[in-house]
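Below are two complexes that have subunit A in common, paired first with subunit B and then with subunit C.
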Partner chain A sequence: MWDVIVIGEGLAGLTAALRAAQRGREVLIVSEGSSSLLHASGALNLGDFAQLAQLPGHPYQIVGRHVLDRAVAFFQDICPGYAGDSGAAKPVLTPLGTVRLAELLPRAFQATPLQTAKRIILLAPQGLRDFFPDVIRVNLGQAFSSARVEVKELALPSFRSWQEQGLGIAPMVYQRYWASAEGRAAIERLRRDLAAEGVAGFGETVAVFPGLAPDLDREPPGDEAGAKDLLPMVLMPSFPPAPAGAALAAALERRFLRSGGELWRGSRVVGAVLGSSGSYCAGIIVRSKGKDISLRARSFILASGGILGGGIVVGPARSAEETVFGLPLYAPADWTRPDFLGTQPFAQTGVSVDPELRPLDPYSRARLLTNVRVAGRTLAHWDPWTEHCGGGVSLATGYLAGELA
Partner chain B sequence: MQRYTAQVIIIGGGATGVGLLRDLSLRGVAALLLEQGDLAHGTSSRFHGLLHSGARYAVKDPLAAAECVRENEILNKVAPHCVRATGGWFVELAADDPSYTQAWLAGCSQAGIPVQEISPVEACRMEPMLTRQVRRVFEVPDAAVDGFQLVWANARAAAEGGASYKTYHRVEKVLRRGHAVSGVYGENVLTHEKFLAEGQLVVNATGAWAAQIAAAAGASLEVICDKGTLLAFNQRLCQRVINRLRVPGDGDIFVPHETITIFGTTSELVQSPRENEPTDEEADYLLSLGADLLPHLAACRVIRAFAGVRPLHADDRELGKDGEEGREVSRNFALIDHGERDGIEGLLSIVGGKFTTYRLMAEKAADWAAAKLGVTAPCRTAEVSLAPHIPEDAVKTAKRLLPAGAAEKMVARLGPGTPKAVEAIQGDPRKAQLLCECEMVTVAEVEQVAADGDTHHLADVRRKTRLGMGTCQGAFCTYRALQFLRHAEAKPALPVDELTSFLNQRWKGIRPVAWGPQLRETELTRAIYLGLLDLGGN
Partner chain C sequence: MPDLSDARSINLDACIKCSACFALCPVAAVYPPFPGPKGLGPDAERFRLEGLVLASPALEYCSNCKTCEVTCPSGVRVTDFILRARGKGAAEGQDFAQRRKPVAGGVSQAEYSRRAERRLVRHRLAWRQRLRDYILGRAEYLGKLGTVWPALTNAVLRQHLMRRMLEGGLGISSLAPLPAYARRLRLTAKNNPPELGVAEQPAVLYFPGCFTVYNDAPTGEAVRRILEHNGFRVIVPDFHCCGVPLEANGYFRQAAENIRRNLELMKPYLQKGVPVVTSCTSCGLALKEEYPRAAGSDLPDLGSRVFDLFEFLWDMHQAGRLREDFVPVEKKIAYHAPCHLKAQGIGTPALRVLRLIPGVRTEELDAGCCGLSGSFGFKKEKYPLAMAIGRGLFARARTAAGLGWEIGSDCGGCRVQIAQGAGVAAVHPAWLLAKAYDLPIVKVTRSRDYSEN
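What follows is the complex of A and B.
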């Protein structure tokens, strides 16, 4: 018997679980696959709170500004690498070398140093997959027009045989090398050498390093005392699966386990056991290692994701279903629009909730399960991609669910 | 202004147009083909990819049936690389009218279509997804044909024979000197440069656009635009073409292609060839119909829906009858000599017809042109092979350098271009990496096709390589392919318009089937392009 069972280990689930564990709850996370953060760049968007909180049913309207602020502070406390002024949008590179804005960034992602650079060195690890130095070079040149952009290829002996066979090296594979003692030493040596050969004045040359996960437990080395002879470096996120997103998931997981939490991965929830009145959840049935196991808890947090994460499944004739409790969903009748990158109504599909994140019938507003809370992408009335608030909503609703559970 | 000269100007780069271009090149006639988009961008690639045995027309249209079975045989012989001789079944279900089957058998026999009966038990063993409501099953020589490949093979062969074609050249006016045509005038839609193409004869092979081109010459022509919608499934649901044995109707043909199945069609009269957008209602309707033949259809992943506009010939019919539907109109073709009909000498329109008989239509049109020009060389397209010569050692090397499946696909798609791609991979093994994993398209292949003079858009690369046509519908390959479209200096490093237009084209086909795993894939695509790359609102 747990105090809290969290379903899902994306950003919302991990945040909820951590908050509940920090409050002394005994917490179990059950997760079907891997964290959806593996597909995230590591840069988190909060979006325009004031504007989004006006939208009917938007999660920001439900939780309020103070919850978002507390959630962000809580998150930064756990991941010091994300320190900084959380409210303001900061520039971060895209994997194609253009610039976008995000509010909550690992400091090593901040592209601000490039704005004053005279010379940008794009480091190009040989064979890195989904990395296009020619395109990035031109885009960096357009975004930072006062700088000269050069490409410096990095040939690593460890990957020579990959290279000879023409194999692409996924960012996650490169990351394992960079995280090793040998890889860390190689980066430091490189930065020292580049700093030493700098033609422009020191500080005017900045390196761009693709696909490297930032160190989230510490301040980045560039800011440390004694790092003066190292060339400043801006990290560039990669296409998924991305080391920075994986590093964030790993940091949150480590912290959760250290707080005494338990995590069952590869465990799909196949059903729920409702209490006699039907108004609360007594337990869930989890299929783990081929067996169905019944797990009981005082309260449950549903953070199983939306259409992408698998928490919501849409069948032919566009009928949407919530996969764990079969909760009734808000689903728009007008399903899609022609402009792919514009607003898509189907993205608003999800569970409606009360101010304490408990599920409601979307039409009658009747309360459904009193000890279940819903967080993240399973919620209705928001779209992380057009509203640029995926990080903020997941943190705020995850935090609140963990606070109340 | 750009000027061109040829004996014959062909308008339209679909199967008929390129077929004619090649036929004329074999007869030694100098011809030029002008196409407003990319080759095969219209109806020639927007169909089920069925090479008819003629059996579908056996009852209603014996002439079309006989033409089909003859052309089917010819194409199997001259273009084996574009045809998969899967065979096809006509399946009578318990609910169907047995007397139709009798009429159908008689029609097949009269048209010379070989038919062999298969027992229902055996049929269900061979096609496990087939309904158990099967009463009778007949095998005919239906086949799957790759419309893109066949069009490209014709264009390539014609070019080798000295003919030329210009894509993205839109004809605006057919020019006349007195009563005779003298050429055409139009615009290169990419550069907006005007062009003038002079020739003695002009052939209008623009399919669903034929009425517009005839009007540009001052002639009137009635073409019925009949929209047909199809669904592409993510797996091979059957190993052979499966038709329902009854009066031809909606949703009664399944055609397996490589790793997918195309299922169709619908038939709806529309006002313009531009109305080729599949709808939610059509997708739902097709799914409900298909379940009669394959009961578990609804559980299968649909990748996309697409629609083509059939150009049906209407001139020799009484039009305006209420409730007339596309299937009631003949699928036969007609050559209209505007000299005889409208007093415009040297202008021919080809209307109606179907993909399977493209070669025959081209032959008849070429006969007309040859007679006008006093050329006596006979048609040779039924004998001369379209299969490209690919050096044996290049194929062997490709199979050594690439996974077997990827090598075969590359050879099939690149044809005579294979040795060049193989050489590129030998020079840099990284080019063997799969840029499009769903359709197994290598970096070398995309690079080579993107560098072609007639490749201007990502969609052109798609038609030539199948890039972005598989399961992920462009989620990953789109950003990977962008780098190769930059060969022209003027193009920006991140051509947002190009990317947006490619994603919107893909989305057009996903929208009607936006559910299940494909919708999940769509969310991942949105995450990449809107979240990670922040391309929204640009």
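What follows is the complex of A and C.
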């Protein structure tokens, strides 16, 4: 019997599990597949807390500022690569070379050095898939108008056989190389060579490196004297599945396993066993090979995601169901609006919760389950895309759930 | 709420093309021409459903590690699609392309097939490779042959010249760690009564698997003693190979025959409620996945009666029935979870059970696939891939061993591959349990699991 079972291995689930494990709980994470972080860029948005906390039922209103701050600090402690000043939104590149803002970034992602650069070198590893140097060059030129942008191709001997066969190389494959001793040495050599040939003035030439995951285990060195002979580098996130997202997932998983947690990946949760009163969860049912297994714990954290993650299934006639406990969902009367990329009401669909993240009936507000907490996308009354707060809500609600479980 | 989980997984539309499988496929990471699980699986399956069998040689490069199935967030049975395509390819003689429907407005099907025949020769698996796959698929017969005179077999397989001949003639890598044969596991003679009595002590059916029977009998003995120590009578019918090597090499009919025969051997005991326990994670996966499919309504709850050894022991612990009179064992064990254990979806029960033993410290190596994947890594063209896939694991294992950790893994193949790649011996975790129970441990003569050149 575990103390806590976390359903879902996304950012909320992992954060909850890590916090619970840190507090000495025996924690199990059950996940249907790989973490949804594999499809994240690695840049996390916290959003405008003050404004969002005013929206009725918003997760920020429920958890409060203090929890968000503690969650962010907790996260930065686990991933020192994200350390640094938090709060203010910083520029980060998109995979097409445009710029957006995010509050919680690996230092290596911060695009600020590009704002003062005179010359931007876009490194183009040969054969890199999902990478469009011509488009990126134009976008970088527009975003950083005081700089001259040039493309520099990188041909690496390790990938010669790929190139000879005319095969594209996925960012995840390139990342394996960059993470190796040989790859790291190659990057350092490249930065040194480029710095040596560069124009005068430190910081006037900056390289943009696509498809390279930031090192999350170490706080990156600042721009002090030691790095003078290495060309400053800004990492550019990739399209999913992205090395930076995979690296974040791996870092969190590794820490979780090392703190004694167990992770069952590939097992879908197909149901729950409730106690006789109907308000207590005794166990969840996991579909393993050949049999369904009932797993017991003292408390549960539902972080199964939204429609993409599989936590919520939608059907014809605007039916929406929560797939583990069958919890009643808040769903707006009108689901869609004509502006495709605008605010869409269906994004608010999810589970309503009390101040301790325990599920409530969305209309009667009756408490449904006393030992289950909900975190992340599965919650109702928020929209990660138009509110730009996906990372923040996941971290804060995950942290609180792990704290209370 | 309707349970859609199975419908989703065999429904191609469940695949949302997220490419998680491709991103994490060990083979795709090291082998450029491999299109990856998504391409060979759900993508190509749409063509296959239309009758277009693209029996690409790339299909042979799927190592059947099942990482794609474990990582798929939508529950798609990716490896299933690929293996079935391989089977189709084998059945149809690996035709390059074969249309089932007549080509509209074009040549007749017969003529098309004739032309395809002439073109396909270079795409067919070479006869050597087919013979090799035939041989490597028959783990049971190799085992029976090899254990007639194990010392001689091992000596021959260590001969450099012999290995070069095998490589040139059959495409079995001269560098690959062919596991050494040893005295065969002999549990059947003593423990195979035809009938179970009425007032009997509880019994378990033990399925040791070919590696334990022919290459690593002492582990089988340890497993038997552990189960007996917990009050079980251990019954081991004269099982045939579970069928995984046959399927992996495309011999589905023969695998089905093995499955049928093994089910016949199991049935009388299963019907009396005796559970089946495996100590090899690949056999365990097959018994939980393929066997229930084959048995169908004959044995409707077969899957729920098959247990990995540590899964079984953990269940006993939860029921308060596991003997926990452990002697402290001061050991640090760095555990490598085999891919087929991950695919069983039961977590890492070995770690849970070992953590009950006072003195034992555990850590997970958590470094992905070892690369061997059964017979995959023995093949000449795949050996370098296997070694590249396992590189991360080898490095971690070496580091751990250097710090005094013992390497543990439930899969014989993984242990052989770790020895090959990291130069470090690995043990089945059952040994630590046997030590904790203070069981008379059979002395293991360290036969070399890899042939040196």
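Rule of thumb we're sticking to: the second predicted complex is superposed on the first by the 398 of 405 C-alpha atoms of A that agree within 3 Å, B and C clash if a C-alpha of one lies under 4 Å from a C-alpha of the other, contacts with A are read in each partner's own complex, and residues count from 1 in each chain.
The rule is short, and it goes like this: contacts are C-beta pairs under 8 Å (C-beta built on N, C-alpha and C of every residue); 3 or more make two chains touch, one makes a residue touch a chain.
Every value quoted in this text rests on a predicted model; they were computed, and no experiment measured them.
Engineer: Just from the overlay, do subunit B and subunit C fit on subunit A, or is there a clash?
Structural biologist: Here subunit B and subunit C can both sit on subunit A without a clash.
Engineer: With the two structures laid over each other on chain A, which partner does A:L28 touch: subunit B (first), subunit C (second), both, or neither?
Structural biologist: Only subunit C is touched by A:L28; subunit B is not.
Engineer: Using the superposition on chain A described above, determine whether A:K152 touches subunit B (first), subunit C (second), both, or neither.
Structural biologist: A:K152 contacts neither subunit B nor subunit C.
Engineer: Should A:R254 be classified as contacting the first partner (subunit B), the second (subunit C), both, or neither?
Structural biologist: second
Engineer: In the superposed arrangement, which partner chain does A:P240 touch: subunit B (first), subunit C (second), both, or neither?
Structural biologist: both
Engineer: Applying the document's definition of touch, where does A:Q165 land relative to subunit B and subunit C: first, second, both, or neither?
Structural biologist: both
Engineer: Per the contact definition in the header, classify A:R189: touching subunit B only (first), subunit C only (second), both, or neither.
Structural biologist: neither
Engineer: Under the stated touch criterion, which partner chain does A:L341 make contact with: subunit B (first), subunit C (second), both, or neither?
Structural biologist: The answer is first: A:L341 touches subunit B but not subunit C.
Engineer: With both complexes overlaid on chain A, does A:R65 touch subunit B (first), subunit C (second), both or neither?
Structural biologist: A:R65 sits against neither subunit B nor subunit C.
Engineer: Looking at the overlay, what does A:V286 touch: subunit B (first), subunit C (second), both, or neither?
Structural biologist: Once the two structures are laid over each other on A, A:V286 reaches subunit C alone.
Engineer: What does the superposition give for the shortest Cα distance from subunit B to subunit C, in Å?
Structural biologist: 7
Engineer: What is the shared patch of subunit A, the residues that subunit B and subunit C both contact?
Structural biologist: Dual-contact residues (subunit A): 39, 165, 167, 240, 310, 313.
Engineer: Touching residues of subunit A toward subunit B in the complex: what are they?
Structural biologist: Spelled out, the residues of subunit A in touch with subunit B are 39-41, 45, 94-98, 100-101, 127, 129-130, 132, 134-135, 138-139, 142, 164-168, 237, 239-240, 306-308, 310, 313-319, 335-336, 338-342, 344, 346-347, 384-386, 388, 390.
Engineer: Going by the contact rule set out above, which residues of subunit A touch subunit C in the complex?
Structural biologist: Listed in rising order, the residues are 1, 28, 32-34, 36, 38-39, 161-162, 165, 167, 169-170, 172-173, 176, 240-241, 246, 253-254, 257-258, 262-268, 270-271, 286-293, 309-310, 313, 321, 323, 326.
Engineer: What residues of subunit C sit close enough to touch subunit A in their complex?
Structural biologist: 1, 3-5, 18-20, 22-24, 28-29, 32-33, 69-75, 285, 287-289, 292, 302-304, 306, 318, 342-348, 351-352, 363-364, 366
Engineer: Which stretch or stretches of subunit B touch subunit A in the complex?
Structural biologist: 280, 284, 287, 298, 425, 428-433, 476, 479-480, 482-483, 486, 493-494, 500, 503-504, 506-508, 511, 514-516, 519-520, 523-524, 526-538
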